[in-house]
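Here the chain labels run A, B, C and D in written order, and each chain numbers its own residues starting at 1.
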Amino acid sequence: MKVLDQGVNPLFMDPDPDKAREFFRQKTRAMVDKRMTEKEVVEKFIPDGCYLAIGGFGANRIPTAVIHEILRARRKNLGFLGHTSTHDFELLCAGKCFNRLDAAYIVGLEARGLSPNARRYMESGEVKVTEWTNYSLAARLKAAAEGVSFAVIRSMLGTDTFKMSGAKVIECPFTGKKFAAVPALWPDVAVIHVHEADMYGNAVFRGISVADMELSRSAKHVIITAEKLVTNATIRANPTATSIPFYLVDAVVEMPFGSYPGNMPYLYFSDEEHLAQWMKVEKDPKEFEKFLDHYIYGVSCFEEYLERCGGLKKLKTLQKLENLVEK
Amino acid sequence: MKVLDQGVNPLFMDPDPDKAREFFRQKTRAMVDKRMTEKEVVEKFIPDGCYLAIGGFGANRIPTAVIHEILRARRKNLGFLGHTSTHDFELLCAGKCFNRLDAAYIVGLEARGLSPNARRYMESGEVKVTEWTNYSLAARLKAAAEGVSFAVIRSMLGTDTFKMSGAKVIECPFTGKKFAAVPALWPDVAVIHVHEADMYGNAVFRGISVADMELSRSAKHVIITAEKLVTNATIRANPTATSIPFYLVDAVVEMPFGSYPGNMPYLYFSDEEHLAQWMKVEKDPKEFEKFLDHYIYGVSCFEEYLERCGGLKKLKTLQKLENLVEK
Amino acid sequence: MAPSYNTMEMMICVASRYLEDGKTVAVGTGAPCAAAMLAQKTQSPNLVILFEAGGISPLLPQMPISVGDSRTFFRAVMAAGMTEMMTTCSRGLVDYAFLGGAQIDKFGNINSTVVGDFYKPKVRFPGSGGANDFASFCWRTMIMTVHSKSRFVEKCEFVTSPGFLSGAGAREAAGLPEGGPYKIVTDLAVMGFEEKTKSMMIESLHPGVDLDKVKAETGFELVIPKQIGSTAHPTEKELKVLREDVDPLKLVIGRA
Amino acid sequence: MAPSYNTMEMMICVASRYLEDGKTVAVGTGAPCAAAMLAQKTQSPNLVILFEAGGISPLLPQMPISVGDSRTFFRAVMAAGMTEMMTTCSRGLVDYAFLGGAQIDKFGNINSTVVGDFYKPKVRFPGSGGANDFASFCWRTMIMTVHSKSRFVEKCEFVTSPGFLSGAGAREAAGLPEGGPYKIVTDLAVMGFEEKTKSMMIESLHPGVDLDKVKAETGFELVIPKQIGSTAHPTEKELKVLREDVDPLKLVIGRA
């Protein structure tokens, strides 16, 4: 294979599809009760040093409870997939949980601005970064989901984003045209928040899928957090709606309001006040430490965090916002 | 690009993604009324010699009315995507409509047996055939949908299926492993039967998608036949359920029972008696000619065909079968 | 005394025993589907049945007539698509797939495409469909077929789907993932493959069948191990479940 | 007499005029989304708005705060995913995309990744997100930004997203599809690109802005055509629609 050009930065995961196959060969396909708590999930599936991916889109349909638990469990040296990450990234930076990063969108919270603490962490030089784009990372997951070691795309070419990536330029054997080849990525573990799941892991999300179809098919372990547990019969009544089949899933955590302070389509809007507070207190590291103690390290569970953020009254407001009952 | 091995048969379509881009650049994105009759659709979008693909799975969720119209319009020299084709293939063979074929599954009707006439046609030497597999054809469509000129897969390798294909063997630039590279395929026109569509072409199918997600995203022209027209507001009420967005679609044909004699999930089962009759009369070419005159060439429209097959009474039986009310 | 049964029932019962609990199997219509359903209803309740067109783990109300008909996703946990199923196989999540064909050779390669010249065939068959993909991707491919000399040939006229290709090491050299044919269940015997040569090897003879009969109906030299097993009769329970729950309309078991 | 307006309103109105009816536009949050909504509600009712996370042609009830929030698929015709949107761009179905960044150079390349050493940056920005993909795939990329010397630089310190790279022929040589930057709308002027050199060229000056002001705020030599246009004021109608229908909460136009 003639390689015409290549990015200079490292791949953090092995793109060998046969090693991935060996893993998946061993993974159980039995439809058994997979319910766990967020504590158990972090204990069992998210050890120090593993490569983590988070579903949803930064502050939309994210598994906040598990991320908080990762911080409380003081996980370190993770690899992280900084795909469409925003508040999830902000959280993991707050805990300095990762030391290597595939980056497409990081340190920002979109229209809300940039996270001062995430920037500090990323400007510290402590994190190894390989650069990508939103589509190229989705394509890497897609290649993994397909059981092949690479995919070809037409972006990244000609830019420093390519140069600072781990992609390569190859020629099409049919047309001779140039393409960026991006390596398959099988994350060790993906955590995805959904609307509904049964105890076996059959999961349904509504609205946009972002890259969660690809992510749930590529990650070696898949953790589902769900707004609601439903019966298997409910899932089977409408199989067209299922997003993730049970045999991909390792654990199911029931977590109402689990995407808070992010948006959960059709259920509740993001808490923009709380998100703004994050970025504000991050400016002062000392203040930020106290803030983290109050909201994360000093609480025992996600429900307690919700209480400290305003509890049911706040959540009711966000439900109204989402459903356009209040502006 | 080093090519380690390659199939000997021709590609019937150009895998150049930039030519496809030029086509798609010109295609209108306006959300306008696209309703047409099956006659208009064949007249306008399915000329002699074009490359045709049919959605669904052979005798499940197929656009029978448009295929009949192709026969009545005496279309010739088509290219055809023989992906998961069964009764659709049988029909096009009856009309000798195509003279070149990408074949994965042809001449058979699964558990029902083989079509004598389709076999005669395929054994005549009149049709140019390039051999593929179900997945490799789906992957060709997927590559086209992605706007790239090829995809890599791990099947076909080492077999005569590969040798009689148009695929090539290349090495992964990351792992050095061998893969089959399959060229992108942008069919000129795809006809897909769905449960519901609005007049703009936003379309919904329920149950398995087979390869219709890839097909609707790769074909240059997409024709939708729909069991039922619904309002745009109905589509917008549940955007998660939409299978095909309007800007991919060129025409919408309302066609209740449009998949008959095939199965339409949740609505009606296949008419196994009628399908068996096809295979029986095909044994005798003279008989078969009369049969075709009676059921296809001698009727003016699909509704008349339904009448000749038993009309509403027959359809009611098939509805009961589908819904397991009768066995 | 052994219960009475026909050869189709025999093949289905025998094949079903190889499908372990907690594994995934991609099935077609007919006998393979019956074997998987039988396994599910006997020793392997957690066997996951997949259909290539997209049906995942349905509660099959009756035998499907097409791998894409609505039965294949009746009360399924998911109605997906073909790419979903095939990529699930490709990345190593599918344990078994069933294949059939017009010819099978000593390395377990299968012909379901043509007999005679490819460009003007004597007989044209359906082609690969998903068979080549399953045979490439799945860990263990299973074959159920009638045993006859015209079917068991030294070399397939056309290799549609890969077995072990030209023998030991050939799959790896071609770039195929680990996998390959596992068991071939016929009306006479069960065959496997010799570890070293990847040649077809007799494993057990069905009740009342002697080795010479199998040899006579096989167009190449089978590997004969020192010890040949005897296939157990279908049990009363297997037959009862097969006849009453799996295929009460005798769509498959009536074909023998 | 011209109506009064702020610079953000000016930029949005001007950008919206370039979005032709019956075309597709991939937008982010903020000003680009406002420009697309304004175009839809004025001259381009059939403009199709797409969001990279999957929202297709929503009936936007308000300005989204994230390209993946629930507003982006509120009463959409489809709630798809990122791969769907990006591949739609890749195969040539998306006409416009809006980009932003910390630096833009004379060939329309954009830096939204780092200032300083990549491995220990002085400033770390978000990176590409979907910008590099849009800039690679879409026929015409649009840029809306404040005009300043620190932003309009001779050469980006880091090229996150491709404009015309090193100039004429460079996109083709790199393997990128046809496309590239189309219009750059700032608070001072509208710039396009010279056909032959692919260098940034001034096209029209906003009301009350002279060429020297633009030159002073641009860190490289702009191509100056013989004829420079004058940007038309936002119309009463544009401003009314923008203020009343597009951004009544002044989430974007309040930022100027």
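Remarks
Operating definition for what follows: a contact is a pair of C-beta atoms (placed from the backbone, for glycine too) under 8 Å apart; a residue touches a chain by one contact, two chains touch by 3 or more.
From a predicted model like this one, the values you see are computed outputs, not experimental measurements.
Across A-C and A-D, the chain pair carrying more C-beta contacts is A-D.
Separating the centre of chain A from that of chain C, both taken as means of CA atoms, is a distance of 40 Å. Chain D has its Cα centroid 57 Å from the Cα centroid of chain C. Chain centres here are Cα averages; for chain B and chain C they lie 28 Å apart. For chain A, the set of residues that touch two or more other chains comprises 17-18, 146-148, 153-154, 177, 179, 206-207, 239-240. For chain D, the set of residues that touch two or more other chains comprises 73, 79-80, 90, 137, 177.
Under the stated contact rule, the graph of chain-to-chain touches falls outside the line, ring, star and complete shapes.
Each chain pair that touches appears in this list: A-B, A-C, A-D, B-C, B-D. Listed in rising order, the residues of chain D touching chain A in the complex are 28-30, 51-55, 61-62, 64-70, 72-73, 79-83, 86, 90, 109, 113, 118-133, 135-137, 156, 158-162, 165, 170-171, 173-177, 249, 251. If you check the complex, the residues on chain A that touch chain D are 56-60, 82, 84, 86, 103-108, 110-112, 114, 119, 122-125, 129, 131-136, 138-139, 142, 153-161, 164, 169, 177-180, 206-214, 263-266, 269-270, 272, 322, 324, 327. Across the complex, chain C meets chain A through its residues 21-24, 46, 48, 56-59, 73, 75-80, 84, 87-93, 95, 137, 139, 177-178.
The part of chain B that touches chain A in the complex is made up of residues 1-3, 11, 15-18, 146-154, 168, 170-177, 179, 181, 183, 206-207, 239-241. Interface residues of chain A, counted against chain C in their complex, comprise 17-18, 20-25, 27-32, 144-148, 200, 202, 217, 232, 235-237, 239-240, 242, 245-248.
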